[in-house]
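Here chain A shows up in two complexes: once beside chain B, once beside chain C.
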Partner chain A sequence: MIMKAAVVEAEKGRSLWQDAFQRLLKNKMAVIGFCYLIVQASLAVLAPWIASFPFEETDLLLGAVAPDSVHYFGTDALGRDMFTRVLHGARISLMVGILATAVSLAIGVLYGSISGYMGGRVDNIMMRLLEILYALPFTFFVIILMVLFGRNIYLLFIALGAIQWLTMARIVRGQVVSLKKMEYVDAARSMGVGHVRIIASHLIPNVLGTVIVYVTLTVPNVILEEAFLSFLGLGVQEPMASWGTLISDGVGAMQTYPWMLIIPCASLMLTLLALNFLGDGLRDALDPQASKD
Partner chain B sequence: MGNFFKIFSVSLSFLLLWEADARSYTVAKQQLIKVGNATEPKDLDPATVTGTPESHILDNLFEGLMAYQPRTLDPIPGVAESWSVSADGKVYTFKLRKNARWSDGVEVTAQDFVYSWIRALSPKTASEYAYQLFYVKNGEAFNAGKIKDPTQVGIKALDKYTLQVSLENPTPFFVRLTSFHTYYPVPPHVVEKEGKEWTKEGKLVSNGPFKLKEWKLNRHIHLARNEHYWDKEAVMMNEVIFYPVENTDTEEKMFVAGDLHMTSTVPTLKVPFYQSKMKQNPNQYQIYKNVPNLAVYFYRFNVRKKPMDDPRVRRALALTVDRKLIVERVTRGGQLPAGSFTPTVAGYFYQGQHTLPVSVTPEAIAEAKKLLKDAGYEDPKTMPKIELLYNTNEAHKQIAIAIQQMWNKNLGVEVELFNQEWKVYLDSENKGNFNVSRAGWVGDYPDPNTFLDMFVTNGGNNKTGWSNKDYDKMIDMAAETLDQAKRFDYFQKAEDLLLTELPILPIYFYTQQKLISEDVRMLEEGKITEWYDNITDRLLYKYYVLVDVKK
Partner chain C sequence: MTALLQVDELKTYFFTRDGLFKSVDGISLTVKKGKTLALVGESGSGKSVSMLSLLGLIPQPPGRIVGGKAFFHDRDLLHLPDRELQALRGEKIAMIFQDPMTSLNPYLRVSIQLTEGLRAHHNEISKKEARRRAIEALEHVGIPDAKQRIDRYPHEFSGGMRQRVMIAMALISRPELLIADEPTTALDVTIQAQILNLLKNLQKEMNLSIILITHDLGVVAGMADEICVMYAGKIVERGTADDIFYTPSHPYTIGLLGSMPRLDSGKGDLKAIPGLPPDPSRLPKGCPFADRCPKVMRQCRDDHPLPLRKYSSTQEALCYWEKKEGEKT
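Here is the complex of A and B:
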């Protein structure tokens, strides 16, 4: 069917999503945060081409030098270029952030929406189970996983994601419980639409706003947790580096080579700040009611 | 001398003025020293423990037949007043002093030593260090369960104060050995009553300058003066507290905050900071101390696994590690690059020939490449993956990274690093789950035997799977010889074999680095002097004294 595109377009109203996007653009901090993240992410992706040294190459004769025109961020005690290592660290840290969040998103949304939609006894059992999992100390859980399956960076992603989904599931469940009483869900049900379809095409798209906001807050959480695990020596293995391992190395050199601590800390902090600004902005944009107070 | 100390300890409560070195000071009222002790001891049973954190505590709780001079480590009378040896060097007779007492007032007798040594050797005790007593006649057979009757073992109490020890071979360093903790006496009247629980707080009874006052798990171990100690007049220190601080940065922070008088080590990355601080104030009493140690830092090659089963591969790897660069640029604590396995320490009487080059030259790289080619690994990528295991520690990590890079750069060999927590790491090493693993060995007594008898076939600390009949023979011959020159000759031959076959890769000889408060002084010949250490870092607080330095 051929249509006169121009006419239809003129009549088209702005969707809720477009509204939200407009509101987001008005939030300066969120936009700055977003731009910073884009730059940081592309630097991380392009690290092997941008960095002037291989990240594992040591230069023992050089040792630790302060930032200069050759080594922009200085070098560590073994003469490895910090600029290179911070960029490569960003690769690991951001990858952990994104992948672990994706894992938590997948499990959390599925679990939460099933629990909320089914209600009754199923909901009760699923939520009690969740509470039991909440009670498990997360560090022990990750350490046990590491000991059982050996050290593996992908396992780390999964382990971190497997812990983050708990809160996600609760949020989604709460939303679904209130959404499922809506008329459009009743309508779908009375037309004989199956449970799976109702969840997939009616409920999940409607909780997405809340979920997206929570995701932007989960990413920094996961990055911090990876940093924490690496700090304990459970994260990535040398000579690879994440921001966590770089900071952990830097703490020991605080008095002697302060740049080894300051630079990775600053990178981590700026990224977390940017993510938080973006998250805040998204929340205000997607849920204008909440931001009025 | 005894009299002098008597007056001295009585007048401790008064302030005495001393003008010995540059700054004047008075003896502190409170003689309580707080020291960092690396890790929580597994136990305090002299017969079973093997680690240095445990021995640091035991050396102050107990005293053997012989004690040792704190600077030179020469044997000096301990529980034994004197000793004599038979002409063939195989029978030692020790005369015990009559005033030696346990901390509960019970007498220390020759029978106590017989009881303790038999206990340490007994298969029931299952001590990893039992082999320290294998020099005693039938000690090994009794430990293996081949001899059931303990009276067959060469330890006899001739009377209450006379102990006779028969040895398998003339062992010239035997007298030194009796000051080692496996040889310490344990109180039979307590061990029999309490069983395994006897080392617990409130139960442990000891015969050294100090007794156990408090043991708070993972917090501290608190020792107090033993009022029954025979030489208590010479002891100025009243209390010692050991803190099990695993993290070297935390330990350093505790020291800076004034919560410790002495640390067990210095974080590697802080070494340049303290060195430059001392250069700026050369007149100030030094807080950073660096003492050469009778200890070697090395890597074990697991010769049971490919590719380390081939001596050519091991040699190629050994040739391409620049040890000089490692001590100068990575560890930076004045360590000596190791071209041999037995440490070269000034004042230590056996000097192993450095047959391994300590720096890497282009010729060495060419030779190493040729060796790899001969071993069938012309393309290093075809080599089975090498895993380098180390126990979690910042300094070990730095060294492992440096060596990983050296092998990669010089030979193109890929190495993967693995770190494990101390107990897991020991387990992996014992089970042979490694290609290359980090290791360190500190001499138990100042004799090359403590280093070289490790690598005899199936030795408890061999762990490499390496076995060489000629090597075993050399170590046996050395044990049977009394003539020092000949013994050293055998040791040198054994060491040459070790360095040709290379089941191990020596990296450097340790130095003991510490941070020490300027209030810590030591006693020597009745005088207060600056702090000093010995080459095996055995710390005797009996000889320590705290002072208040005049600001």
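Here is the complex of A and C:
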């Protein structure tokens, strides 16, 4: 069976991606991080079926209880089950992280690769524009958006993504500027391949390695930003919860009900840690210098 | 014998912050159908830049084609709209590059890179048909198991095989003119001979015209019908292969031939040309080779156009110095 798989693989050819994946598998911390994220994500997706209580159900008579065998993570002051709320919080936080990063990825890669590839005056104008956007105070920008359009979770994705793409675009542009001088770009040009196709099929696959690493750093960033905005009261609304709002609630009750702070904080931290390990692993795995071993 | 490509006084300059670089300064050449023209010179002499100019692949800015004409089938390549030039590239004129290690994209399967030129030119060719032609092209350049190999990635090929892939890629549309930019420089000597033989056979078969860019006179000897020797953006001598090898008449050509290692000469008999090529942004007045030339005369440094000395119907040199009959060089 294994032999057969190896033969098939040899016939199809092994891409650099597959090589990198093999190297990634050898990195224990990255694999642990990756597994943790899978578990965390599936728990989040399956939250409504796993959790034994609806997330908005209050039990004022019960009040806040410490973790026990019924309420694994305890309850908050309104008697809401913390286990349920943390799982539902993960839904929001991970969704914000992934969607906002996807937004930033789409805009950033497109903008950066066009800017880098065109070069000259176009590049100059596009980069100056980027710097102007950089200079806008971000929190202020989000507050204005929230005030203008109301508190809307999708707006939050877009707003966060719209901030993150700036750095993404810069990274991609830098890569493209050096990649477009590669001989295979000239070779493709000499074959009569057009600009759009060169960007899409020659340059973007080559920057993906760097971009993926940056993505794993962006996701925690976005989750933190969302937590920060929710903490300020600009994120998701009650009774919905994200890790940010849970932490914000927990801070208020820190001295009396410490589990309300510790548990969401731990969830956030572990996820960020896992993402960082995965990012580190990916960076090492995709490093072309390491491809010889 | 009809001319396929006629380049007339091509000038490509680079306008940079460090000054004006006259990379190609008025070169003229004619490529005949089914023949090979070799452009010989040191790195930086403008060989590659002149050919990239023809294909419209000079980075602009800072580069600019400031003058000249280049007729390919009655169409002036230098004044063709971008779109039309792109339609010619790969289809009628193809190019192979020096380093087969870097001229294939490491992230793409060979099949994709082979067919993308074809598919860029012909919308009507289906994926399947393009693939069939790519396999055929690979077999044509002597890659065994082409059917399996086509799905491999470039890093799974050896250097020589990659150069074969490059040649297959260039010839897949059956172009009329192939520009080979130092096609063998990055290869082992044994592989070099194979690749050159392959090019020669393909040329015969497809009646292909080749412009061979190289700094290696050994490569030229077996391939070229006509040789143009370039120095500092100018063609300093041109002639048939016999003219250049047996009766070189420009001191630079003589120097180049002298600096070729020979098996039959004793040890330590390697004669390098003293000095370095001039900085292309500060070319001296007169002859750019004057500072390194063993035959230099006073008028060489005058601010006059150099005289073109004709030695025969096929050979001419851009030089004041005239070789006497039977003079030992």
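Structure notes:
The rule we apply is simple: the second predicted complex is superposed on the first by the 275 of 293 C-alpha atoms of A that agree within 3 Å, B and C clash if a C-alpha of one lies under 4 Å from a C-alpha of the other, contacts with A are read in each partner's own complex, and residues count from 1 in each chain.
Convention: a residue touches a chain if its C-beta (ideal position, glycine included) is under 8 Å from a C-beta of that chain, and two chains touch if they have at least 3 such contacts.
Only a predicted model underlies this, so the values are computations on that prediction, with no experimental measurement involved.
Superposition note: with chain A as the common reference, chain B and chain C can be accommodated side by side. With both structures placed on the common chain, the touch criterion links A:Ala135 to neither chain B nor chain C.
Once the two complexes are overlaid on the shared chain, A:Val193 sits against chain C while remaining clear of chain B.
When the two structures are aligned on the shared chain, A:Leu148 is found in touch with neither chain B nor chain C.
In the overlay built on the shared chain, the residue A:Gly252 is in contact with chain B alone; chain C does not reach it. When both complexes are overlaid on chain A, the residue A:Glu238 reaches chain B alone and has no touch with chain C.
An angle of 140 degrees, to the nearest 10, separates chain B from chain C at the C-alpha centre of chain A in the overlay. In the superposed pair of complexes, A:Glu56 makes contact with chain B only, with no contact to chain C. Put simply, chain B and chain C get as close as 51 Å, counting only Cα atoms, in the superposed view.
Counting contacts by the rule stated earlier, no residue of chain A appears in both its interface with chain B and its interface with chain C.
Chain B meets chain A in the complex at residues 249, 267-270, 272-273, 322, 325-326, 329-330, 392, 394, 397-398, 400-402, 404-405, 408, 416-419.
For chain A in complex with chain B, the touching residues are 56-58, 60-61, 63, 77-79, 151, 233, 237-239, 249, 251-253, 255-257. Put simply, chain A touches chain C in their complex at residues 11-17, 119-120, 182-184, 186-194, 197, 201-202, 205-206. Residue ranges on chain C touching chain A, taken from their complex, read 52, 55, 57, 59, 61, 86-91, 94-99, 102-109, 112-113, 116-117, 120-121, 148, 151-153, 155-156, 166, 169-170, 179.
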